[in-house]
Each structure stands twice: as structure tokens, then as C-alpha cells.
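Letters A, B, C and D name the chains as they come in the text, with residue numbers starting at 1 for each one.
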Amino acid sequence: MEPRIEVGILGATGMVGQHFIKFLQGHPWFDVRWLGASDRSAGKKYRDATKWHLQGVMPDKEADLVVEECKPNNAPRLLFSAMDSSVATEIERAFAQAGHIIVSNSKNHRMDRDVPLLVPEINPDHLKIVPLQQRHRPWKGQIVTNPNCATVSLVMGLAPLKPFGIAQVIASTFQAISGAGYPGVPSMDINANVIPFIGGEEEKMEQETQKILGDFAGDHIHPLHAKVSAHCNRVPVVDGHLVTISVKLSAQPSQTDLMCAFDEFTGVPQQRALPSAPARPVTYMLQNDRPQPRQDAERDRGMAAFVGRLRACPVLDYKFVALTHNTIRGAAGAAVLNAELMHSEGMLD
Amino acid sequence: MEPRIEVGILGATGMVGQHFIKFLQGHPWFDVRWLGASDRSAGKKYRDATKWHLQGVMPDKEADLVVEECKPNNAPRLLFSAMDSSVATEIERAFAQAGHIIVSNSKNHRMDRDVPLLVPEINPDHLKIVPLQQRHRPWKGQIVTNPNCATVSLVMGLAPLKPFGIAQVIASTFQAISGAGYPGVPSMDINANVIPFIGGEEEKMEQETQKILGDFAGDHIHPLHAKVSAHCNRVPVVDGHLVTISVKLSAQPSQTDLMCAFDEFTGVPQQRALPSAPARPVTYMLQNDRPQPRQDAERDRGMAAFVGRLRACPVLDYKFVALTHNTIRGAAGAAVLNAELMHSEGMLD
Amino acid sequence: MEPRIEVGILGATGMVGQHFIKFLQGHPWFDVRWLGASDRSAGKKYRDATKWHLQGVMPDKEADLVVEECKPNNAPRLLFSAMDSSVATEIERAFAQAGHIIVSNSKNHRMDRDVPLLVPEINPDHLKIVPLQQRHRPWKGQIVTNPNCATVSLVMGLAPLKPFGIAQVIASTFQAISGAGYPGVPSMDINANVIPFIGGEEEKMEQETQKILGDFAGDHIHPLHAKVSAHCNRVPVVDGHLVTISVKLSAQPSQTDLMCAFDEFTGVPQQRALPSAPARPVTYMLQNDRPQPRQDAERDRGMAAFVGRLRACPVLDYKFVALTHNTIRGAAGAAVLNAELMHSEGMLD
Amino acid sequence: MEPRIEVGILGATGMVGQHFIKFLQGHPWFDVRWLGASDRSAGKKYRDATKWHLQGVMPDKEADLVVEECKPNNAPRLLFSAMDSSVATEIERAFAQAGHIIVSNSKNHRMDRDVPLLVPEINPDHLKIVPLQQRHRPWKGQIVTNPNCATVSLVMGLAPLKPFGIAQVIASTFQAISGAGYPGVPSMDINANVIPFIGGEEEKMEQETQKILGDFAGDHIHPLHAKVSAHCNRVPVVDGHLVTISVKLSAQPSQTDLMCAFDEFTGVPQQRALPSAPARPVTYMLQNDRPQPRQDAERDRGMAAFVGRLRACPVLDYKFVALTHNTIRGAAGAAVLNAELMHSEGMLD
């Protein structure tokens, strides 16, 4: 067995950082050896710097690591970034300049022209844009990003339909509280309530969807030419972003065509059997009241998307429901799968 | 002061029946004197026949009434119907044949050609269709209905926009558990979860909206010529149906035009100061995260609608959020306001 | 009609401050004319300084008041204190030294020897300790406090039993999230969960209960000689602290004796018909599954306590359940009732 | 590898039956081959007879089994019973008379003099009472039971303290909705609420605790001579029964003695490494706000108990908190561990 690749986590003490640690437990390729956080935490053992917010307790190995400042110095070459967006831009760049590979969950670089917004089953070829970074930026490193957590639910539901020509999309989200991190949403705001607003989220869903479903065009990503409209809402659910979707398609597929497209959808991660790849990226559920966040989000280690309730839409062509686990497929697991794809491409060698 | 009008409640022991009793406490015009329910309950005192599910405790006066069978006999002329749809059709007809006026919350007759689906601020003239009942049906009585609770949230949000030509509507609902009655939704299904399905609800929302916003055309109601698509979902909220709405308008109003239209919207109930009419049927909230069910549904006795977050929709023209209290404005309060309108028209004399 | 008494609120922008404003709407005696808060808010209009967290929207009158620094200067003589305990000690003393009457919800002075911990139905004579403040402290003002919100549920349940000799009490609480203020409890911590810990709460419940149920003894309050043990827990409920209570009594009353004691319990606020006094301070509910927070806490404007499920305890003598509304009877409403009692005693003249 | 033992499930279509199926997936000893349910379901495939209520979807193997009537006929010798208590008494006896071994989660036979109420870590020797069944009852079979789900949380917390002489116990429960089965608790009753009553539960907790912690005395189980008082309450939590406990001990152990007792507690299932035995039956958590149902109940496959917050009780001696997973350690998992113990004793040969 090959030695595992040492990895570090930028922003390790926050909620997403904790998800990285949890998701990487027992990973066959990546070994967490370095944890970076703010100056306030640096120098302390991780167990003393961090209140663990996830189910169960902090893993012992990471608990004993001493938290480092977020400076390149002794960090491993491969870093997962879970940094707050208020600081991510500069720190990620500093690491890229020092030659590191940053697989980031932060929003900061997602829409940069030369940065892939990667979903390995959907747009693995977008990785080809990375060399532009090294050509035009003052760095030898790389930055690769994954989408916003609500965007992931939408694009996993839409990607199988791309062959039919996605023209218009209206999506309304039911987003879990874990998507806001910790402390995140005050319970007084969301207990037995709905908040019909999440700052900046609708813009992200609309733009990121176009980029992710777009095409690599040599020196840029050509965005999908589709109109996308998002209504973003918070609901009192712990994990799992559900989204209702109405879609107009330029081809005229039958309902059966679409159901087959969902079930047959697969990609490079499945072909290469990447360690975190779900057996099937998208599963169409036949029960008329599924998928549901509490019942389905955690299936397949939280890496699969579930869709259901496909039916005709009186306004656009079809409507249906999609669900993914927001902190796994929509955050930590997404970035890890991105790194696995990069490794399988030889980009980590 | 005029003597109050005696009224009865068909289906008085169920959840909606309880809401009628609660809402009519202290009503200046209507005095609950007769409670009808299934044979199982008939003959018992209401307090013994009924487990009270609403906040607080059962009102003493009604608690002491003896529950009657749902047969015309000694019932008052005016009856509010809260009957389960499995029995409502026949029983409501029997009462109409016996000359009673049925103001019904049941779905059974809503889409009948000669039955108004009434929202007093929106379509008071639809009452003019009632005489057709007496012409073509074997009865001297009347049946008037109010919409499904989710439909109410949608039409209260749309009605102010009718002057701009509603062409297409896509709506996604966040419906409270109280909408399913009692015992209704099992807690195991909805605790910290979303159920993306409510049986029959989408069809009702789509069809009822067209009828309510349609025009009285002499011998029928001409439905609004607009495409309407609904996604219906249950969320763990106690009261208040929130709905996200994207709408295409045939005129090209500005955002300010629409905000004014919301705020200036008013109707006959306000002009006549009907007892249950809210001061303003629709209020546009300027806060960017409102309306919210737990914060806003109960305002103005649960009879007002709240809208917010009006903004451009990249697919249709505009998108926004609407909220009404589903068991009040969407059920018992709706029927009572209907009866008040009828009384102000002299239809109860 | 007498002119109303001008009052101010210290800590007006926080959650408890907002509850004071809401509870005092339309109060016949007290007129909110002055709002004090931190330097950060001072100088702004209340509407600009404050995000309103309660149901509905901010009252217009208060919204237009300019927030003041928490310094005596131009403040009214009577002040309700909703200040955070981190600053309450010094600020309340400064106001007392300047001659103000502070009716405080803060914990800071509750256990002071010369400060009443007042529940008007239970220990109105504890007000007699106030002159000691003016004798031994460098002030002409007064400080009067109300209990911790969880303590209130317990003492309202126990007070009717005091004649039977309360010897031992074990209480376990089910405390609503609103008790922690805003932002308070993160939803990630409490959604579909229980937190079996609230910092400092158990000590407060144990000590405050002994003081409240104690006797005025000339120059001090003699605490009730009873052992009290509290288990404090947070549950995902919006408003209403429920507590299960086992109690050992030195007399040997029958179950009927206790039920009568609950129902017959009354006090000075009822005799004097103080504006915020509930008709009955404690109501025994006969239904076997009541009281419940969502169904009962808001009854009687949130000022009444509800008890139920009285039965024999195999370890101590009896066990039962008690409930009060934590932000009303347990905070803002409690302080207002205290001020009403003081006014009826001529202490505000 | 030995062939696996064929097992059946009585009451397979209900919620507990589903938990048996889920928990037994991949079990090394037991192989589910027979599913019994009511006549209504008999003859159908399990997938058609059952709406699956647990996370994820129904396992394929069981889905294809044809449901049988609950009659001995062709059933395997070992049967797990998940039957509703309204029918369990007669059916379980019929199977016992036909020679079957019934490992039951139903309450019906728990308090029978010759039936063990088994918790393998606590009272494995109670199995010695089983031969009395065969001596005095008209059967060759056996009935062995596990406790009520709330009792399990209490006895797992108390058992480590038995050496110190348990004299008095007052417990207040925070019980999850899954404990009531399906459809179980209506969401209208429990959403954002607490129900301070669960029918029959307090009596069960009080009596079962004495039996479980009692001693085998040749021809009967001598119950623990301790007074036990339970307050049972439902809270809006999905899985995990938490209980606050005050206890009086006849010895005078230090707090450290008790913490050691919790952590060192172990039993036969651990010594024999039974397949479903948790590594440690009871874990003392040092964090001051743990255990919590959503964070801890599922750890160790739901088979471990967690305790915390040990501190002095001003009334009895000590107080603390205990938690177990109610549908696993408190139901299906409990019964499976019982059967594993029986197998390790040679009772299934």
C-alpha cells in the first residue's frame, strides 16, 4: 500500500473544518497532519482550541495536533480550505504563491475566471483551466473550489438533464440550519419557523449553476446559457438542503426520458471508483413523498443526491425535487472528492 | 343593538370545527348555538365529545352544548361547514335542500360551476352566481365556499397584481402542520424534516387560483387565463403557510408599482368594515427576511396577508414571498368573513 | 383619569428590553418615555438601534424614541432594568444613588440581604426590607428584583403548598429557548435536541426559591428552611418553562387538600386588582397531559401559572408539574407587576 | 463459519419490527427469514405490506419476504417479538406452547414472576428463572423480555451504582417521539412543545427498575429494595431518551467513586464480546452539557449508555443525567443482545 498523502486543513476549528476532519477519518489516501486556524487558536492543542459541534466526540488523533497559524511554512502541499470568506482570499493566495494546492470550500475564488468550480461527476474537464492560474497569476500553486451547498442540490438535480438543453430554471430551497455554520442561526429565529432569506445565497446559486454546467472552452469556462432563478429559504432541519425545481428544456423529452437520465447519470468518480464517490451520484426515488432531508440526506455517506416527484410543470416543462447533504456533498465531502479527482489526474504528484 | 344571528357548525368536533368556535368567540353578529357532528358524538355534551386541540381551553358556552346529528331538523339557517370531505358532499346538499345557507370550508363544492369560491377582498361579485344554484339545483338554500388554505396565501399575494395581467405563476409552499388537521401529520414524519408532497394540494392550488382570480360572466365564472404551477411541501411550523412566488405579468410594471399595489390593495370588507376584516388585507414588509410564519401569521387576528422580498425574477418577471394564517385566513376566519360579506349584501335576511 | 407615570427601560435594545416595551403597550399606569442602552446604541432612534425579535413588529411610539446612554441625567424616576448582568451591578447602583427606583429583572442584586426578591402574590411583605437599603447604602433610591425565570415556575407551583410545610423539593426543568435571550441558543445546539445544562441556573433556582418563600424578619429575609435540588435543561420550545416537581411536606395533607390549595391560592395583586395581575395566579388543570408550554403558557396574558398531574411520589410525598411563561411572568411581566404592587403601596409617590 | 440461526419477527410491519430488521442487517449469528404480522398484511410481500419509516429505504432481502400470519406453523424456533401489547399476550403464549423461544420487546410478560426482564450487562443471571416457565407453564418454549425504553436509560445509569446501595431514586424523563411508534405522537401535539404525560410509563419505570436491579433468588427475582419515582415527559426529539436522576445511596461514596463506577462498569456481553455489545456499556462524559440525545444517542451503534453531570444533590445524595437510544438499546437492540446472551449460554441450541 502506498503511503498516504499528508494534508492540512485551513480554518480547522470552525464547523466546516470539523466536517473535514470527520469526513477524512479513515480516508485511504489522505492523512490529516496539519491544522491551521486563527492566531487565537494557534499554539493550542486542537482539543483545547475547539468546541466540537458534530455528532459524537472529537477524534483522538486530531485532538492532539497543535493548531498552527495559517501561514505556509511547514504546511503540507495539499490543503483543504474551510476558511471564513472574510479572510479566505488573502490566505488562500498566500498559500498558492508558496506553491500549495488549495482545495477550497470558501466562496472567494469560485467565480474567478481561471478557477474551476468543480463537481467531479459534472465538469471534471474544468480542471483543464488550472494551468491558466500558473500562467497569469504569480504562483505555482493551484486553487480549486467546490460550489455553495445549495447550488450543489440544484446542479446534481439538473446535470442529468443537460443533454436535453436546460433553458430556464426556477428553484426554491429548503435549507438546513447546518448550512449557516456555528453558532449560525439563532434558535429563536428558526424554531418552528421559516426564514425566507439567506444573504447572498440566491446570487450564488444562479451564477454558480451557470458556471458548473458550462463548458470548458480553451481559455475560459463558457457558462450554460440558461436563465436561473432561486428563492432561498431556511427551515428547521438539521442537515440536508432540499430544493423544488421547475425546468424548461429545449428538447422535448418524455417523463420517462428524464427518469432514465437521472438513474443512468454517472461520471468519472464512479468510473475510477474514487474513494468518496457514491455508487450512484443521483437516485430517482419512486415514492411520492421523497426525498426527505431527515430520511435520505445521510444515505451513501452523504455523498449521493436524491431526486423525486418528477411531473409536468404547467408553466415550464417539468418540475421535481432534489436533495443533497449540505455539509458533506455540499461542503467537506465535495472538496475531498475534488482532491480525489485531482489525484486520479496526477495533479497531486 | 340588533339581536345576533344564530349559527351552527357542521363537523364541530374536528380541528377546523374547533377553529370556528374559537374564532367566533365574541363575534358581534354570529352566535354559535348549534353543533353538529358524527353519530358517534351526537347526544353528548360538546365537552365530552371533543378533545380540544387549540391553545388554551374549550370555551364554556360551547362546552355545554349538546352535539347534534348532522341533519337539518332544528339547525339554524346559517351553518358553517367544517366537515371532512369524505362526507361533506351529501350532508351539505341535504342542508341546502332543506333551505339552509352553508358557508363551507370543505373542498367538495369549491369547483362547482354555480358555487362561489369566495375571497371577499378579491371576488365579492362572484356571489352573483349563487342564484344559479336555486335555479338549477333542487334547493332553496345556498352553498358558498372558501379556498384551500395554501391557495389563500397565493391568491392574497397575487390579487393586488391582477391589474398588471397575471400570465404565469410558479409557487412553492412551506405549509404548516396545522393544515393537516388532527391527528394529521405524525411527528415522526415531520420533526426536523420536510415532506415534499401533500396529496391533491397542487391541483387545488392551481385550479382554485384561476377560479378565484377569474371574472363573473353572467352565468359562470370565467377563470383567469394564467398558467399556475404549484410545488406543495410540509414543514415543521405550527401555523402559517408561506409561499415563494415567481410571476410573469403582461403589463410591464416597475417594482415600485407592485409595492404600491400591495400596500394599496383593499376591498369591500374594508369599505364596509366587516367585523373580521383586517384593516389592510395585504401588508408589504420592508425587512429583507420577512414575512415569517411564527412572527407574522397571527398578526391582525390571523386575517391579514403579508408579502415581502419583491425582486426581479431572472426567468419570469418578479418574485416574492407571501404568508397567511392557514387555519384562520385559510379556513375558519375565511368562512366567517364570507358570511359577513353575505350578511352585508342582505343574503342572510 | 390620573396622568400616567413616566418610566424608562435600562437595556432596552435586548430581548428582555423588547419584552418590557411589548408588555407595557397600553398599560394604564406606566408610560414608556425613556430607553437606555449601551453607548453603541445611544443617540440612535430605537428603530435604528434595534432588531426586533418578538412576534409582529416594533411599536411605533417607542420606535421613534432616541436611545439614551444608561446614565441617570434625564431618566424618569421609575426604571425597569433589563440589563445584561455583566453591567447591571454598577449601572443599577448609579441610578439608585441618583434617587431612582429600579425594578430589575437582572440577577445581580437578587440575593442581596436588603433587596426584595419579589413575587407579589407570594411575598409582598418583603418590600418592607427596602428601607434598609436607604439606611445602609449610599442612596435614596431603591432596587427591587424579580426571580430568575425558571425559579418563577417553581415558586408559583410551591407557594400554595407553603402552609403544609415544604421540607424537600426536587425539580427538573424543561426550559424554553427564549429564556436565553438573543441570539441565545444556537439552533445547531437545540434543534430536535435537549441540553441538560444551563450555566448557573440550578444554583439560582435553589437559592432564590428559599429566599422568595422565606419570611420577612424585621432586618432580614429569613429563608425557607427547605432543601431544594434543581436539574436545569433546555428543550426546543419557544416560550414557557415547564418543571416537574417532587415535594416532601411536613404536614400530611391529602391530595384534595393540595388541589384546593392550588385553586384557592390568591394574593394582594388579585385583591387590589393590579393591572397585570391574572384573575387566578395558579390554575390546577384536570386534564392528565397538561399544562403544556405551547398550549398554556400564553393564557391570561402570560401572567398565570398552571399546574397539573398531582399524584403521590413514591420517594417524597407528592409530585406534579408547573408551568409559567418565562419571558412574561418570568421576566418583563414579573417586574411590571412588582412596580404595580409598589405603586399600590404608595412607594412610587 | 457456522451457519447462521434463522430468526423470525412477530409484528414485523410496525415501527419496532422495522427496527429489528434494520438492526439485524449483517448480523453474524441471526438471519431474518420469517416475518409475521396481522392478517391484514399476511400473504403480501413485506414491501407491499409495509410503509418504511426509518432512515433510508427498506432492505431488499426482507422486502421480498412474504409476510406470514402470527401462527407457529412454519416459523423458526427463535422469534423476536415486536407485537403491539394489545395482542402480544396470547400470541406469544401460543408460540411458547409450540416450543418457540420468544425474545420479546412487548410489555406484556415483563413483570411475570418466571420471565426474566433482562439487561445482559446488569442481570444475566436472571436467565436462571426461565426453567420455571417450563415447569409451571404449559409450554416447552421460553419467553424472555427486555425493559421499557425509558426504563433502560434509568437502569443503565443506576446499575453501576448498585454496589453503593441504591435506596431512593427520583427520575424525570425527556423522551423522544420515536418511543411512541408510528403514527405515534401527532406533530400538532409535540412540535415546539412538551407533553408531561405518557400513559402507563411511570408505573413501568418504577416497577421494572426494581425487578431489573433485583437478585435471582432460586425461585423468584427478589426486587431491589429501593423507592423509585418517575416523571415521564415527551419532548420534540427524534431518538434518545434522556433522564435526570437524583439518587440516595446507603453507602457514602465520593463523587470520584461514582465516576469510576460508571467508567469501569462492564458485564458478560463485553467479556464474551457478543456481537451487539458496546465496548463500554456506560461512558461518563466530562463535558458539562452532555450527554445530549441528538449528539450522543447514535454513538456505538446506539447500544451504549452515556451519563454526565454528576454532582451533589441537596435533597438526595447525587444527581446526574443518563441517555440511551430508545429504539435500539431501548428496544430492538436490547432484544437482540438478549438473544446473543442466550446463545452464548447455550440456550438456543
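Everything that follows uses one rule, which is that contacts are C-beta pairs under 8 Å (C-beta built on N, C-alpha and C of every residue); 3 or more make two chains touch, one makes a residue touch a chain.
On a predicted model such as this, the values are computed, not experimentally measured, just so you know.
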{"item": "Chain pair, B-D or B-C, that carries the greater number of C-beta contacts", "value": "B-D"}
{"item": "Centroid comparison with chain A (C-alpha atoms), farthest chain", "value": "C"}
{"item": "Separation of mean Cα positions, chain D and chain C [Å, integer]", "value": "42"}
{"item": "Chain B and chain D, separation of their C-alpha mean positions in angstrom", "value": "47"}
{"item": "Separation of mean Cα positions, chain C and chain B [Å, integer]", "value": "40"}
{"item": "Shared-contact residues (touching 2 or more other chains) in chain A", "value": "191-192, 236-238, 294-295"}
{"item": "Touching residues on chain D, where the partner in the complex is chain C", "value": "168-170, 172, 174, 191-197, 206, 227-229, 231, 233, 235-238, 242, 244, 246, 288-295, 308-309, 313-316, 319, 321"}
{"item": "Residues of chain D that touch chain B when the two form their complex", "value": "15, 53, 177-178, 182-192, 236-238"}
{"item": "Chain D-touching residues of chain A, taken from the complex the two chains share", "value": "54-57, 191-192, 238, 294-296, 298-299"}
